[in-house]
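Pasting the structures in now, so scroll down.
First subunit A sits with subunit B, and in the next complex the same chain sits with subunit C.
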Partner chain A sequence: MGEITEFLTLMIPAMVPFLLAAQGTVLSGRAGVFNVSQEGLMVLGAAVGFLVSFKAGSNTVGMAAAFAIAGVFGLVLAYMTTQLRLDQFVVGLALYFAALGAAGLLYREVIGITMEPPLIPTLEDKPIPLLSDIPFLGEVLFDHDLVVYLAFAISVAIWWFMYKTRSGLAFRSIGENPKAADSLGINVTWARTWSTVVGSGLVGMAGAYLPMVYTGLYTEGMVAGRGWLVIALAFLGGWRPHLVIAGAAFFAGMEVLALRAQVAGIGIPHQFVLMLPYVATLLVMVFAFRWARQPSFLGRNYDRESRLVG
Partner chain B sequence: MSETLTAPPATPAETPGKRPSRVAEALWLVVPYVVSVVLAFVVGGLIIAAIGRDPIAAFESVLTTSFNTRFGTIETLHKWVPVLLCAYAFAIPLATGKFNIGAEGQLLVGATGGVALGILWSDLPMVVLLPCVLVAGALSGAVWAGIAAFLMTKFQVNEILSTVVLNFISFQLIDYVASHVWPDRGAGHPATTPVGEGALLPGIGQAPPMHTGVLLTVLLVIVIAVFMRRTSTGFEMRAVGANLRAAQVHGIRTSRLAGAGLVVGGAVAGLAGAIEVAGVHGKMLEGMQSNFLILGIIVGLMARGSMLALPFIAFGIAVLEVGAGSMQRTAQVPVEMVLIIEALILLFLLLSDIARAKIRRS
Partner chain C sequence: MTESPRLEMRGIVKTFGPVTALDAVDLVVGRNEVHGLLGGNGAGKTTLMNVLYGLYRPNAGEVLLDGQPASIGSPKDAIAAGVGMVHQTFLQVDNYTVTENIVLGTDVPGPLRLDLSEAKERIRDLSERFGLTVDPDAVVEELPVGVRQRVEILKALYRGAKLLILDEPTTNLTPQEVDDLFGSMRAMVDDGMSVVLITHKIRETLSVCDRMTVMRDGRRVETIERADTDAEHLAEKMVGSTTDPGAAVDAAALGAVDADKVEEVLSSVGTTTAVAVRDLVVVNDQGHELIQGFGLELREGEIVGIAGVAGNGQVELAEALAGVRPLRAGTVEVTGRSMGGLATSAWLEHGVAYVPEDRHRDGILPTASITENLVLGSQRSDQVRRRGLIDWGAAKQRAVDAIAEFSVRANGPGTLVGDLSGGNIQRVILARAFARQPRMLILHNPTRGLDIGSTRFVYQQVRKATAAGCAVLLISEDLDEVIALSDRVIALYQGSKAGEWQHGSVDAYAVGRSMTGLGEARV
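Moving on to the complex of A and B:
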C-alpha cells in the first residue's frame, strides 16, 4: 500500500507539465491550429520562468512571465497561419528553433558562467484543508503545490468550455469544418488566434513548472522531449481534454516508473529503463492513430476565398 | 500542406508565348534569399546592440572565421558534411510530403553501426574495413528510420512523432554502448574505444588535414541530384509531394513511396554518423550529434524543395556555425544568437513568398 501511495503521490506532480502543455495543444488544435513548437516553448518557458523567478524572487511572477513569452510566440504562429496562411508545420518548426535560441541566449545573458548554478525555491505543498485528511486519497490528490490544482482546474475548465457551452460547440466546429463555421458567422480567425495564444501560453507554463518543482535548478536538457511527447499525448487523447487527463497519467506514470526503477537498481542497465517512456509512447501511438479521432481540419489553414474544403 | 514546401515556388499562370526571361526567373529565386539574410542580420544586429555588444564586430567574426585561416575552412567543410547529410535526411522524405525530425537518432544509430564494425574488425585493412564501416552506418540509419516508416505505413502513426521519439531512444542506446559495450574509461565522458586504423577516412593535406568524407559527400550530392531528377522513383517521389491525389490516381503506390523516402533519408543520416566516426572523432561519443538535426531541418526548409540548393545553403549554415564560436570569444555574443538569426532567415524566407505574390500580382 505504501508503495502505491508513494508512486501515485509522485505521479500527480509529474502529470502537470504534460497536462498544461497537452491541454494547450488540444485547445488550439480543436480550432485547427497544429502547433509543433511545444518543445521549444517549454524550453523557453523553463528558462524565462526560472530567470524571472530568480530575479523577482517570486515563482508566481516567473510562471506568468513564461505564459506571456510563450503567448507572444503563439501570437506569431497564429498571425502567420491565419492571416498570412503560411504552412503551420514550417512556422511551428521555425518558432521552435527561435525559442531554443532565445532560451539559451537569455540564460547566458542573465546568469553568465558561474561556479555555482543559481537556485530558486521550489514550490511549497499546500494541502487542501479537510480534503487532505481523507486517508489515501487525501495524500495522493490533495497534498500538492498550487500549480497541480491549477493544472487540473484548467483541464476541467477547457473541457467544460468545449463540451458544455454553446460557444464551445461553435469553437469545436472550426477544427472540423471552418467553412461551415464561417458561414454560420463564427469568427474563425479570432478563435484560432486566441486559442493559439492561450494554448502556447499554457505550454510555456508547463516548461516553467519543471525548474520549480524538483530541484530549483535550470538545466539545458531538462525538458527532455516532453514537448514532443505532449503532441503524442494530444493524439492519444483524441484531442479531448478529459481523455488527455488519463493520457497524462500514463505518461507521468512511465516517467516516475523509469526514475524509480533507476534508483532502485533492478539489474537492467539504467539506459534501458530510461528508454521506457519513449518506447511506451511508440507502442501507444500505434493504437492512438488507429482508433483515436482528430479534428478533420487539424493543421490546415482556412482561406475564405478558396473553394477547397475537405 | 502548401506547395511551396515540396516543389519550387510555382509561378503564377503566365499568358502562353510571353514567358519571362531566364534571368528574371533566376532573380525571383535568388532575391528572396538575399533579402531574407540581410533582414535577419539587421534584426539580429538590433538584438545584439540591445544586449550591449557590438553587432559589427560580432558579424565580422561570424562571417570571416571560415575564410581567414586554413583551419577555419577545414572546420567549415567538416561541419558542412553532417549538416548537409542531415538536410538530405529531412528533405528527401519531405519530397514525398513527410517530415523526418529524426536525423539525430538516425545519425547516432548509424555511428553505432559504424563504430561496432570499426572496433570488432579493427585488424582488417582499410580497403575492406572503411567501406564496411560506412555501409554499416547507412544501413543502421536506414533500419532506425525504417521503424518509423513501418509504423507509418502499417499503423498510420504520425512520422513526426515516431521519428522524434526514436531520437530519445537513441540517446540512451549510445549511452549504453559507450558505457557498457566498448567503454573508454579514461575519457571522462561517455565514449567508446577508438576504431581500428583501417576504419579511418584518409586525410588530405596537412595541419589540419581534411577528411575524404567531404569528397564522398560531393559525390553523394551528384548521386542524389541524378536520382531525384533522372530516375522514375525520383520522379514519383516528387509527384507524390507535389500532389498526393494526382499521384494516387496515376497509380503511384504513395504510402510505400513515402516509407521508402523515410528509409533513404535515414540511410543518409546514418552515413553522416559513420563519416563523423571515421573522419572526425575516430570513435563514438555522447553529444556527437551536436545540433545537426536542427541545422538539417533549417537547411531543408530553406531549400524549399530544391535538392540543388541544399549543398549551397548547407555551406552557408556551416559558415555561420563555425563563426558562432569565434563570435562568442571575440564579441562576447552568446552562440545561440546564430540559431536565432537562422530561424529569422527561415521566417523571412516564408514571408518573402507572400511579398513576391503581391509584387507579381501588381
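Moving on to the complex of A and C:
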C-alpha cells in the first residue's frame, strides 16, 4: 500500500510538464496549428523560468516570464503560418532550434561559467485544507505545489471551453474544416493566433516547472525529450483534453518507473522503460487509429482564396 | 417608383493572377424570384457568387442589396446582409451533429454556455415550413448527400437569409430529391425570399427559374425571362454557337434536349464478351464490404453506365476493376483472362485503362510535367525505353503529339500538370489512358467540373474508343449523363445491383428509386 501511495504521489507532479505542454499543443492543434517546437520551447521555458526566478527571487515571476517568452515564439509561429502561409512543420522545427540556441545563450550570458551552479528555491507543497486530510486520496492528490493544481485546472478549463461552450464549438470547427468555419463568419486567423500563443505559453510553463520542482538547478538537457513525447501524447489522447490527462498519467508513471528501475537496479536497463511511452503511442496509432482521431485540418494552413482547398 | 431589386451587382471584375475570371459582370435578381445562373464550368458563375458571399474580393464593381450599397468583405458581412450560400462541396464539420453545424457561428445562448434546445426547435420549425426533412441530432458524416444539402440550406435559413445562392445543388441528387428541392425553393420564394440557382443544366433552369442569366467566359451573355426562352436558345447562348455538329448531342447530355436525339452516341455493340465480372466483393480502406456480390458482363464496344448516389461503392468498384484495389472475392475476366491477384502493371498491360474520379489526387502528379505524367504506366514499354533507361527524347515527343491530338491547352510538354485547368488535366489523363489500345475503359465522373468543350471532348473520345471495340464502364453521379451515353444502365445501391435498363427504356425516376433502395430490381 505504501509503495503505491508513494508511486502515485511522485507521479502526480511528474504529470505536470506533460499536462501543461500537451494541453497547450492540443489547444492550438484543435484550431489546426500543429506546433512541433515543444522541445525547444520547454528548454527555453526552463532557462528563462530559472533565470528570472533567480534574479527576481520569485518563482511566480519566473513562471510568467517563461509563459511570455514561449508565447512570443508562438506568435511568430502563428504569424508565419496564418499570414505568410509557410509550412507549419518547417517553421516549428526552425523555432525549435532557435529556442534551443536562445536558452543556451541566455544562461551563458546571465550566469556564465561558475564552479557552483546557482540555485533557486523549489516550489513549496501547499496542501489543500480538508481535502488533503482524506486518507490515501488526500496524500496522493491534494498535497502538492500550486502548479500541480494549476495544471489540472487548466486541463479541465480547456476541456470545458472546447466541449461545453458555444465558443469552443466554433473553435474546434476550425481544426476540422476551416473553410466551413470561415464561411460562417468564424475568424480562423484570430483563433489560430491566440490559441498558438496561449498554447506555446503553456509549453514554456511546462519547461519552467522542471527546475522549480525537484532540484532548484538548471541543467542543460533537463527537458530530456519530454517535448517530443508531448507530441506523441497529443496523438495518444486523440487531441482531446480529457484523454490527454489519462495519457499524461501514463507517461509520468513510466517516467517514475524508469527512475525507480534505475535506482533499484532490477536488471532491465531503464532506457527500455523510457521507451515504453513511445512504444505505447505506436501501438495506439496502429490499433486504435479510428479512436485516436486527429483534427482533419491539423498542420494545414488555410487560404481563403485558394481554389485547391476542398 | 418601383421597388428596388433584392440584388444588383454592377461591373464586377475579378482576376486570379493573369486570368480574368469575371469581366465586368452585371446581375439583377428581383424579389420573390428564382434566378437561374446558367453557364458551363469556368463561365464564372461560382466566382461571381463567391464575390457576393465575400469569399473573393472583386477588383472592381459594386453590390447593392435592396437598393442599398453593400460592402461585403467576408462571409460574415454577407450573412449579416441576408445572403446565404450553399456551396457545391458542403462546408460542414463532418463529426458535428446537424444542429451543431447549423448553429456554428450564431448567437445561441452563450458564449460560455452551450444550450442547443432552442436552436433545435427552430430547426424543426424551419424544416417543416420549407419541406426540408432532417433529424437535428444526426451526425452529418453519416447522412446521405441529399440530406446534407438540406442541412446546408437550413444553415442559411437559420441565419435569416433573404437571398439564397445554391451552387449546382442537383449534382448528386436523385430525380425525386431534385423535385423536393425545387418544391422547397418555391416555398422559400413564396415566403418572400429570392433564390439564385447556379447550374449548367438547362432543363433545371427551365423547370424552376423565373428568370435566368447566361454566362460564358467570365461575361454575362444575356438575362431573359423564363417565358421568352427555350432549351435550344439557352444552349446556343451557353455554348456560343450551334453550328458545331457535336453541339446538339452534348446539349442533350447537359439536359437540354430529349434523350431520343442522341441515338448517334450509341456505339455498335459487338457480340464478343470483353469483360466478365462475377460475385465481386470489394472492401474499402476500413475493411467494410462496399461491393457485395456484384456481377457484370460487358461486350466489346458497349457502354454500361453505373448510376448511384455517391458512397454506394462506386470508388471501390472502379478501383477493383482497374486493378488498383484487391478483390476480396469473385472474379474479373478481361478478354478471357482472369485478372484477380495480378499486379496493377499486368492489368495496365492487358488493356485496362482507368480515369479516376478525383483527378487531382488519383489521376496525376501535379508537380510533374505533362511528359512525365504521360510516361507513367508506360515507363516499361519499348516506346520510351532505351537500354533500360527512359528515353526522355521519345517521351517528350509523345507528349508533344498528345498535346496536339488531345488539344491540351498548355505552354509545352514541360508544363506542370497541376498548373492546368480541370478540363486540360482530364485531357492529359485521357491521352495517357489511350496511349495503348484499351480493351476496357473505366470512367468515374469523367466530366465533373469540366466546361462544355471539355465535356464534349470526353464524349468524343469515349465514342472513338467504343468504335475501336473497347468496352466502357461509365460510373457517374450525373444521371443525365449516364442515361444519355449508356447502352445499358445499372443502378448501384449499397454495393449491389439494384436495377438494370436498356437504352431507350430508361425512366429516370425508376433509376432514382433504385439508387435510393426504393425500387424493385428489374434484373
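Note that in this section the second predicted complex is superposed on the first by the 285 of 310 C-alpha atoms of A that agree within 3 Å, B and C clash if a C-alpha of one lies under 4 Å from a C-alpha of the other, contacts with A are read in each partner's own complex, and residues count from 1 in each chain.
As a working rule, a contact is a pair of C-beta atoms (placed from the backbone, for glycine too) under 8 Å apart; a residue touches a chain by one contact, two chains touch by 3 or more.
All figures in this text were calculated on a predicted structure; none of them were measured in a lab.
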item: Touched partner set for A:S296, first subunit B, second subunit C, both or neither; value: second
item: Subunit B versus subunit C as contact partner of A:M15, first or second or both or neither; value: neither
item: Contacts of A:N177 with subunit B and subunit C, given as first, second, both or neither; value: second
item: Touching partner for A:M80 - first (subunit B), second (subunit C), both, neither; value: first
item: First (subunit B), second (subunit C), both or neither touched by A:G168; value: second
item: Touching partner for A:V36 - first (subunit B), second (subunit C), both, neither; value: first
item: First (subunit B), second (subunit C), both or neither touched by A:A98; value: first
item: Which partner, subunit B or subunit C, touches more subunit A residues; value: B
item: Which of subunit B and subunit C A:A206 touches, first, second, both or neither; value: neither
item: Overlapping contact positions on subunit A, where the subunit C interface meets the subunit B interface; value: 290
item: In the complex, subunit A residues that touch subunit C; value: 163-170, 172-173, 176-177, 179-186, 290, 293, 296, 304-305, 307-308, 310
item: Sites on subunit C touched by subunit A in the complex; value: 16, 53, 55-56, 74-76, 79-80, 85, 87, 89, 91-96, 100-101, 103-106, 108-114, 155, 286, 360
item: Parts of subunit A lying in touch with subunit B, wherever the complex brings them together; value: 36, 80, 84-87, 89-91, 93-95, 97-98, 100-105, 108-109, 224-225, 228-229, 231-232, 235, 269, 271-272, 274-275, 278-279, 281-282, 285-286, 288-290
item: Partner subunit A, residues of subunit B touching it in the complex; value: 1-2, 4-5, 51, 99, 147, 151, 155-158, 160-162, 164-169, 172-173, 175-176, 179-180, 294, 297-298, 301, 334-340, 342-344, 346-347, 350-351, 353-354
